[in-house]
Each structure stands twice: as structure tokens, then as C-alpha cells.
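Listed below are the structures to be examined.
Below, subunit A partners subunit B and then partners subunit C, in two separate complexes.
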Partner chain A sequence: MIYALLILPALVLIFIVFGFPIIRYFWLSIHASSVLTGLTATPNYGANWIRLLNDDRFWLDTIQTIRFTMCSVLIEIVLAIVFALILNQNFRGRGLVRSLSILPWALPTTIMALGWRWIFNTPYGPIERIVSIFSTNSINILSNPNIAWIATVFADIWKTTPFITLIILAGLQTIPTDLYEAFKLESGDKLKSFFNITLPLLQPYLIISIIFRLAQAFGVFDLIQVLTLGGPAGSTESIGLYAYLNAMRFLDFGYSATIIFFSFILLSLFCILAWLLINKIRDKYQRNML
Partner chain B sequence: MTLTISKISRRINQNWIIRDLSFQVNKGECLALLGPSGCGKSSTLRLIAGLDSPNEGKVYINDQDVTDIPPVERRIGMVFQSYALFPHLSIFSNLALGLKVRGVSEKQQIERVSSILSVVQLEHLSNRLPSELSGGQRQRVALARALLRDPHVYLLDEPMSNLDAQLREELRPELRRLILKGSQPVLYVTHDQQEAMAMADRIAVLKNGELEQIGTPLELYKDPKSFFVASFIGRPQINKLPIKNNIISAIRPESIYIDSNGISCKVIETEWLGMNKLVFLDSNIGNIRMICASNIKINEKLSISWDKSEELHFDATSEKRLT
Partner chain C sequence: MKKNYLLITALLMWSLAPFLWQVYTSFSTPEALINPLLKVGNRWTLENYIQVINSEPPFWRYLINSTIVGINATLITLILAIPSAYAINKVKNKIAQSLKVLLLLASLFPYVLLFLSLLEIARKFNLGNSLITLSIPYAALSLPLAILLLSSAFKDLPKDLEEAAIIEGIGMFQRIRWILIPLIAPATASTGIIVFLFTWNEYPIALTWISNIDLITLPVAIARIAGSSVYSIPYGAFAAATVLGAIPLMLIVLLFQKQIISGLTQGAIKG
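Now for the complex of A and B:
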């Protein structure tokens, strides 16, 4: 029993780094702490939470954040599997291509977001210029509420796919080649080989990628702050951006903490849900097929 | 059913892995491919299975040229050195997968897998994952998968090399019962001459991708065509006597006997073989290995001799047998 004490320093560290901020956010969320209270925390008995439930802007942001997260993560995973399969083939210059393919991930988000802002720019961006050859109407990518969010998803996919590709590629390399050869003797169908061998054996790597990316995409802030500032008409605003605005522009720390704590609960639920879902799929396709 | 390979060669870049290799395995025959690591025996197997293609030459199964047809159509029952069981599938599903992807009905899958599981006596483990099985059990699953393929040819790639010596001996009768008794030709790759002698009807000895000699175990032992074969077949290893007139003479340890009129030697090392001892002797014709009664001790002096007719002679440059 006494040995259990040996992990105490690690537990304390984890509590300071992870536990304390969460508890502090919860504590702040049941206090008023804004310009009106002179930035001192005074208990307001759940008023922040009631405000949250009735805040249409917040719920719209939640839906937009979920939309951003789902589209981004789903497309990324599929693309990453395809890229990893390509990078796992033997071809001339594979090492160079592998190194180049990680570059988008290596760029700081703000830098790449600035780049994309120019690419999406109307009328000077290359996309609008190409469109202008065929049509006199411009798309107005970043000022059309129906299109701007797609642009944010696109930029996010561009940046993070390489990272997932790298994880999946590592996973692919753990699969022994003789499994594929044994399968080749039974069936020449490459697609069947992918679904019966590759995909099930990649499962642990997929779980890591999905949970990691869910958490990251759900908290998106910097990309949107630089690319669209949440606009046009709030159509790309995420929960993270809204929490930032409340704290840093409206100086309402209590309400900002409420938003953050709520999104923490929501994200935890998502991750657990994703984990259960993946395990369910695994149980279906692993061990017993009949 | 027969397996014939005719003048196959394979190279990777400029290096020849297999060169001009030809042999035939007849109906119900087991041919062992024997040789040191890197001699091309596993590569030969892969060419026959269709996992690689030869640069030159042809592979025939039942007199049909299969050189350019994909592995699945060759109907090969292969046992991999690593067994290559699918780690995420139960034993049952491991065996059923091949049937499933070839579109066999679910009812048939259950029937055939169950019957094969009872043949290899693993019914009670059908729900386990491969990682939950012992090495010997995994090997039996690999054999079962090959059986289930109902193949034209069996290819066994060092099927026993991952097992300990005792288990290997226990599984040999199993392997004979399941695979070698059938009418299909069996190609058995091994680097263990003892295993090759025990399992195969004929042995093909490979060296640097070329066929050194092919024949029955007894022929290879009695009548080796080169010094390489003589030293590879038979344990303890054959004694190489001093080269005279560009001729290598060699004598098997088991042909040497104690003779007071013979060459005088001193015992420098002994190894227990069980019933008797392997004795290393120092003499004026170099170091000699012989098999002796177990009461021999280190530093003992003895005189040895052998029948001159038991000696084998080889050309010192080509190492080929002289007759």
C-alpha cells in the first residue's frame, strides 16, 4: 500500500496542470467576475449558467463548432489513410515526399491562416482569379456565410492531415507483410485485403488520431481568429472564439469560464462516445466475423 | 499432381538470388530444400507461390504453366515461418477468412472450419486469438489453414523453426499425418539437415542460389557430389583431412575407430551425445572428430584408424567429388 505513495508527486503535478484549471473554471462559472464587479469574483448563484442556456449566440456557435469538428476530422481521417497508404508504397524519392508532406503541420497556425486568407481573398486571391476567367460573378469566399465555414474546414484539413497521416503511416508499418502475402494466396482482391487486414489492425492508431483531433478541432481558435474573426455574420464563430471574446473584449470572466467549462463537458462526452463507437465497430469486425 | 520448376532465375539489382534452378516434385512426394541462410530456398518458395516473379524460367503445377498467373489461382497451401496468422481474428475466423473472401456460404464455412479444427484437435480453442495460443498450437492452426485451401501444392517455409527442439520432434508425426500423407507434392524449406532427413523423400541442397545436389537422404549421405554437400549432410560434421596433390580427403566421424596400429592422437575436447561421446582429437593430420564410448577423457592418448574405402575424395579447387 505504501508504494502507492510513490506516484503521489506525479498525481500532484497532474492536479496542478489539469485539475486546478478545471476546478477554477467551475468556481469562476458560479461567480460574477466582470467590469461591473470590478473584476472581483462575487457569487451570483448560477446566473451565468441560466444566461448560457438562453444565449442563442452560444448555441449557434456550439452547432457551428460541432459542424466544423465533424467535417474536419472525418475528411482528415479518410484523406490521411489514403495518403499513408500511398506513402507506404515503394517508389523513387519516397523519403523526400514523406518529409515534404509533413510541412503543413510544421507551419505555425497563424502563418498558414494568413496565407489562406490571401488565397481566399476577393478579388486578389488565386481562387477568385481563376473563377473570374469563367464568370463575372465572384464567389466572395470569406464574406459568404454559406461558404466561409467550408474555407475554415479546408484550411484546417490542409494543416492537420499530415499529422494524422504520420500516425497512420506508423501504424501501417507495424503490420507484418506476410499477413498480406497469406491473404494473397486466398484472394487477389486488394479492397478485401484492406478491409479485412489493414483497417482492423490500424484501429488503435485510428482511435488515437480521432480522439486527439476531436479535442483539437473542437477547441479551434487561432485559425478562425486569423482567417475570418468569426465572421461573416458570426457564421464561423467557434465556442473557443466566443469564450475568448467574452473574456478579452467584454471582460466578463465569469461567463467566459462558464462557456469553457460547458465545452469541456461536451468534449469529454464526444471523446467517450467516439471511443465507445470505435470499440463497438472493433468488436464487430474483430475476433469473430460470423 | 506435380510441381515442376524449370530453369528459374531471380535477381535483385545485379545480385542473383536464384540461378538456373530446376527440379520436379512428384505426386505425394516431399522434397526438402536445404541450405544455409541466404542460399535462396525461401525465395524459391515465394516464386512458386507467386509472391515474387522469376526473371527467367517457368513454374508448372500439374503440367500447367502458372508463371504468370496470380497467387490465388495457383491454389497453394502455404505455411509461413512466422505462421502469418491474423492477430485480430479468432482461430475460427482466421480459418474462415479465406473461405469468406472466396464467397463460400456461411453454413459451408462453419462446416469446413469445424471439421478441419477437429482434424488438428483444436476445437476447444476456436474462440481464442492467436496470441492466446502456444507456439505449437499456432503452428497447427497454420497447418489447418493450408489444409483448408485444398491446394494443388503444399509449400512449407521453415514450419518448425520457431518451435523448441522437443516440440519439433512431437509435431513431426503430426505434419506427416496431415500433409505429407496426401497426394499433393510438398516442398519443405529448412536449414536443419536433421529435419530434412527426417521429413523428406528427397533433398535438394542449395548453395548461393544454385542447385548443388538433389537425391534421397541416403544418396546425399553416402554419395555427396561436392564437399559442401558432404559437410552439410551428416552430424557430427565430416572430417576434412590435409590436402594432398590438390585432393581433399574426408572421412565421417562415425567411420573412425580405435586401432592401436593407427594414427596416434590426443583428446582435446569431448561432448556428450547421450549414448556416446563426440571426441575432438589433435593429431599430426589436424583436428579430427570421432564418436567414442563414453569413458574417454580429456588428454587421453589414443590411436585411430578407418577403412580407406570409407574416405571421400574431392577436387581441392572445385570441391567437386572425384570418382
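Now for the complex of A and C:
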């Protein structure tokens, strides 16, 4: 009984922040609550949902958000494995290198997003300057709809790779070294030992990183708002930013809640799908091993 | 061995180059930024820093605001999380397991999507524009991970320790306060630092809760600076602001490297 009392305050607060909004969003999504109604909710019988289904901007943002998420997570997982393998070796100054390598993760997103805006600047940023040595055409990184989104993915990878690196590094440290030695005696192939020992044993760490990063990247907001403001021509706008604009700029809470509730469903499906896919790959992989 | 150092250098370059570019920019005159091969006297300047420090409200105000919210939120989180983390190991296993799964799901959730509901709560109860009330949603958002981290620390303590104290007739609160809390101090420290870093960096909620320019936190201030001058872009001053804003965090990372790493990795392993 006393234990329940100790947990209760925290649980209540967690429910207000995590549980209640989901119910509230669903409720708001079937109501009109905008400047027109003075932000008081009045039932509008699914009008928000019909609007959502016909909202091309929303669907474009959904596709863009999925594109951003897939590219960012896939690349950073691979990169993080490489970084973790480097950092797992013995070398002098390893502690310092490790703490310097987590700096990108520790800095506020808005700070570095502003920094990236200068790096991607045309014509004075370093990337444009390097390009201008080889070609007379400028690539206009942040004003070209085909390139700007790659810049956002790049900045996101830079920022979040250290986090996954640390998790994978922790995983690497749980693998006993004699496993590698035994394997060396049998075949001696380094690459093979990576696929036969390292990767299978890292699996739980990879799964948790992938699920966590999928969810976080799907909600991308700060980075885009500061780096591109969703532009050029809406080509980098994410669902999170669109929901924010609907609430704060167009003052339409009902529609914003509809967007958020829908993306919540989408995200859950996405994570379940990723989970199933990972399990399937694992089964196949293990059968091949035997 | 040589190849190894090459890889390490590459990794460091990747992590630090964007930041070093900001440092370089922050000390450059506008002329030097446009023409980097400039060799004359006005190559370097402190003007950018002077401009940022003398802005209104002064830049250090944002640092102080962020620190106030960060410390508050960390304290509230720990005060609520420590008893819960202790208790979660004492309740029936089935309940504890399902609670832990829920906490894990909550800590994976992209909290950005919660901003609208939190904004409504702030409007309804008039909680906006205060650094103290802003700490409450921050603490709430940090609680799931904090409870998970601390409960695994409590779980790792030897059982007979508490049993001996029970035999001695020491009450539960005394046991927690004088025996268990000192023992989980390392885990508490890493949890606290991770929560502090999260609140220091948080943006969407600070953006929607605080409109008074004297109370905005550092990330919001930076975004505001970025948005304020879309047409004339004083990148030297921007860079000075990003460098000044990054220094406190660099110090935290260098000082508390061990705690941060153990906190992050514990979260992944035990979660």
C-alpha cells in the first residue's frame, strides 16, 4: 500500500503529460477549436478528418517525414557501428576522444541548426566554396528543394549518431573477447567474425536504438524550424512542424490535434512494422547460421 | 596502428569540425567571411562577441534562465523519481513489469507531439511565462527514463543490506534516506545530469510556454536570433552566440563524461 503511495505522484504526472494528451487529441480532432470559435471546442462531426484526408500539404509532409526518418536512421546506425568499433579499441586518450565525440549530441539542436545554416550558406559557406573550386555552378543547398532535405538529414545524422554510438559501444563491451579468439583459431577472418559474432550479439542494442531513433526522427521539429523553416517550397516541412504551424500560426487547435493524433497512429504502425521486420531478418539470419 | 589514428582523427574531425567552423566565424570580421583570403589587418575581431553580450536583453540572461529551469526540473524529477524507483522494485513482479514497459514506451515517445496538449494546460491554468512552472512539464517528461534508471540502480543493491536495517528496526523512510540514497548516488548523478541536459536543450515546449523575452531559455533565444534577421544575416554574431551558448555544455560534457555515458548506456541496457 505504502509503495503505491510512493509511485502515485510520479505516475499521475506522467499520465497528465503522456496519457491525457492522446485522449485529448482524439477528442479535439472531432471538434472545431480555432480562432473562428474563439478556441472553445464545438463538435464538428469529423470535418477535421475529412479535411486531413484531402490535405495535399499534409500528405506531402508525411512522405517527407518518412523519407527524412528512413534516411537518417539507416545512415546513422551504420555510421554509429563504425564509430563504436573505432572507440572500442585501446588507444591513448580514449576517454577524451569519447567525450569529444558526444559533444554533437549534447549541444542544443537550435544552436547547431543555426550553425549548419551558415555552413550550408550560399555563396559564403565552406561547402559552396569547395564546390566553387570545381564548378562554376552553385548548388544553392538550402534553396534547392531537391537538396535542402539532404542537408536536414545530414545535420540530424551529425547530431544523433553519438547517442547510438554510445549504446552500441556499451553493447560491444559486453561481448567477451575470448569469443573472438576462439573464432580466430577456427577461420581467422576479421570480417567474418564481425558478421558472425559482433552483429548477432549487438542485436538487442541495435533494436532499441532503431526503435528509439525512428520515433524521435519522426517527430523532427527544432532542426527544421531553425535550419530551413520547412522550405524551400515546403520541401523539408515535417509533420511536427505542420502541426505546430496549425496550432501557433493559424490558431486551429482542432486541426492541429487531428494531425498529431493521426501521426501518432502512423508512428505506432511504423514502429510495429520495424519490430516485425527486424524479427524476420533475425530469424532468417539465424537459420542461415545453423 | 597508423591506420587506427587516422580513423580516430577522422572521427574527431566529423564531431568537431562544424563547431570549430563556428569558432572561426565568430572571430572573423564580415569582410573576412566574404573574402577568406584577406591578409590585411582587419582579419580578426571581437566585435561579434561584444555585439552579442551587449544585446538587449543581455545574452547571459538566457543562460541564467536555462540554468534555473534545468536545476528546478532536475530536482523535481529526482524527488519524484527516487521514491517511485524504490517502490517499483517492491510491488508484485507482474505489476512492476507492466509499469516498466509503459515507462519505456513513454521515454521512447517523441515528446514534440505533446506540445499542443501541454500548451492547452498552460493556458487553462495560467502556467505560461514562468520558469518555475515550465520545470513541471520538463520533470514529467524526464520521469519515465529517470525512474527506469534509478530502479535498476536500486535493484542492483544487495538485498541483505536493507534486511539488516529492517532487523535493526530502522523505518522505511530512514532506510531510504540514510542507507539506500547514498548507495545509489552514482546512478542519481548520471540521471540528474541527463535530465539537466534534456531541459537545457528542450525547445518546443519552452517556445510555446514562454513569450516574455526576459524569460526565454537559451534554445528559444537562439532560434529567435535566427528568425529575427532573415534578410541581413550577421553570421559573425550568430556564430558568437552559438559559441557562447555551447560553452556551458562543453564544460558539462567534459566534467561529467563518465556519468553521462553510464546514464545513457544504462538506459539502453536495462530498459
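The working rule: the second predicted complex is superposed on the first by the 272 of 290 C-alpha atoms of A that agree within 3 Å, B and C clash if a C-alpha of one lies under 4 Å from a C-alpha of the other, contacts with A are read in each partner's own complex, and residues count from 1 in each chain.
By our rule, a contact is a pair of C-beta atoms (placed from the backbone, for glycine too) under 8 Å apart; a residue touches a chain by one contact, two chains touch by 3 or more.
All values derive from a computational prediction rather than experimental measurement.
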Side-by-side fit of subunit B and subunit C on subunit A, or clash: fit
First (subunit B), second (subunit C), both or neither touched by A:Tyr244: second
Subunit A-centred angle between subunit C and subunit B, computed on Cα centres after superposition, in steps of 10 °: 80
Which superposed partner A:Leu206 touches (first subunit B, second subunit C, both, neither): neither
Contacts of A:Ala182 with subunit B and subunit C, given as first, second, both or neither: first
Subunit B versus subunit C as contact partner of A:Ala32, first or second or both or neither: neither
First, second, both or neither for A:Ile224, with subunit B first and subunit C second: neither
Partner chain(s) touched by A:Lys192 [first = subunit B, second = subunit C, both, neither]: first
Partner chain(s) touched by A:Gly115 [first = subunit B, second = subunit C, both, neither]: second
Winner by number of subunit A residues touched, once subunit B and subunit C are compared: C
Superposition-derived minimum Cα distance between subunit C and subunit B (Å): 17
Interface residues, subunit C side, partner subunit A - complex: 4-5, 7-8, 11-12, 14-16, 18-19, 21-22, 25, 33-34, 36, 80-81, 83-84, 86-88, 90-91, 99, 103, 106, 108-121, 136-137, 139-141, 143-144, 147, 172, 197, 200-201, 203-204, 208, 218-220, 222-223, 225-227, 233, 235, 238-239, 241-242, 245-246, 249-250, 252-254, 257, 260-261, 264-265, 268-269, 271
Of subunit A, residues touching subunit B in the complex: 176, 178-179, 181-189, 192, 196-197, 200-201, 203, 285-290
Partner subunit A, residues of subunit B touching it in the complex: 49-51, 70-74, 76, 78, 80, 82, 84, 86-90, 92-93, 96-98, 100-102, 106, 109-110, 127, 129, 145, 149
In the complex, subunit A residues that touch subunit C: 2-4, 6-7, 9-11, 13-14, 16-18, 20-21, 24-25, 83, 86-87, 89, 91, 95, 97-104, 106-119, 121, 124, 126, 129, 158, 162-163, 166-167, 169-170, 174, 205, 208-209, 211-212, 215-216, 218-222, 225-226, 229, 240, 243-244, 247-248, 253, 256-257, 260, 263-264, 267
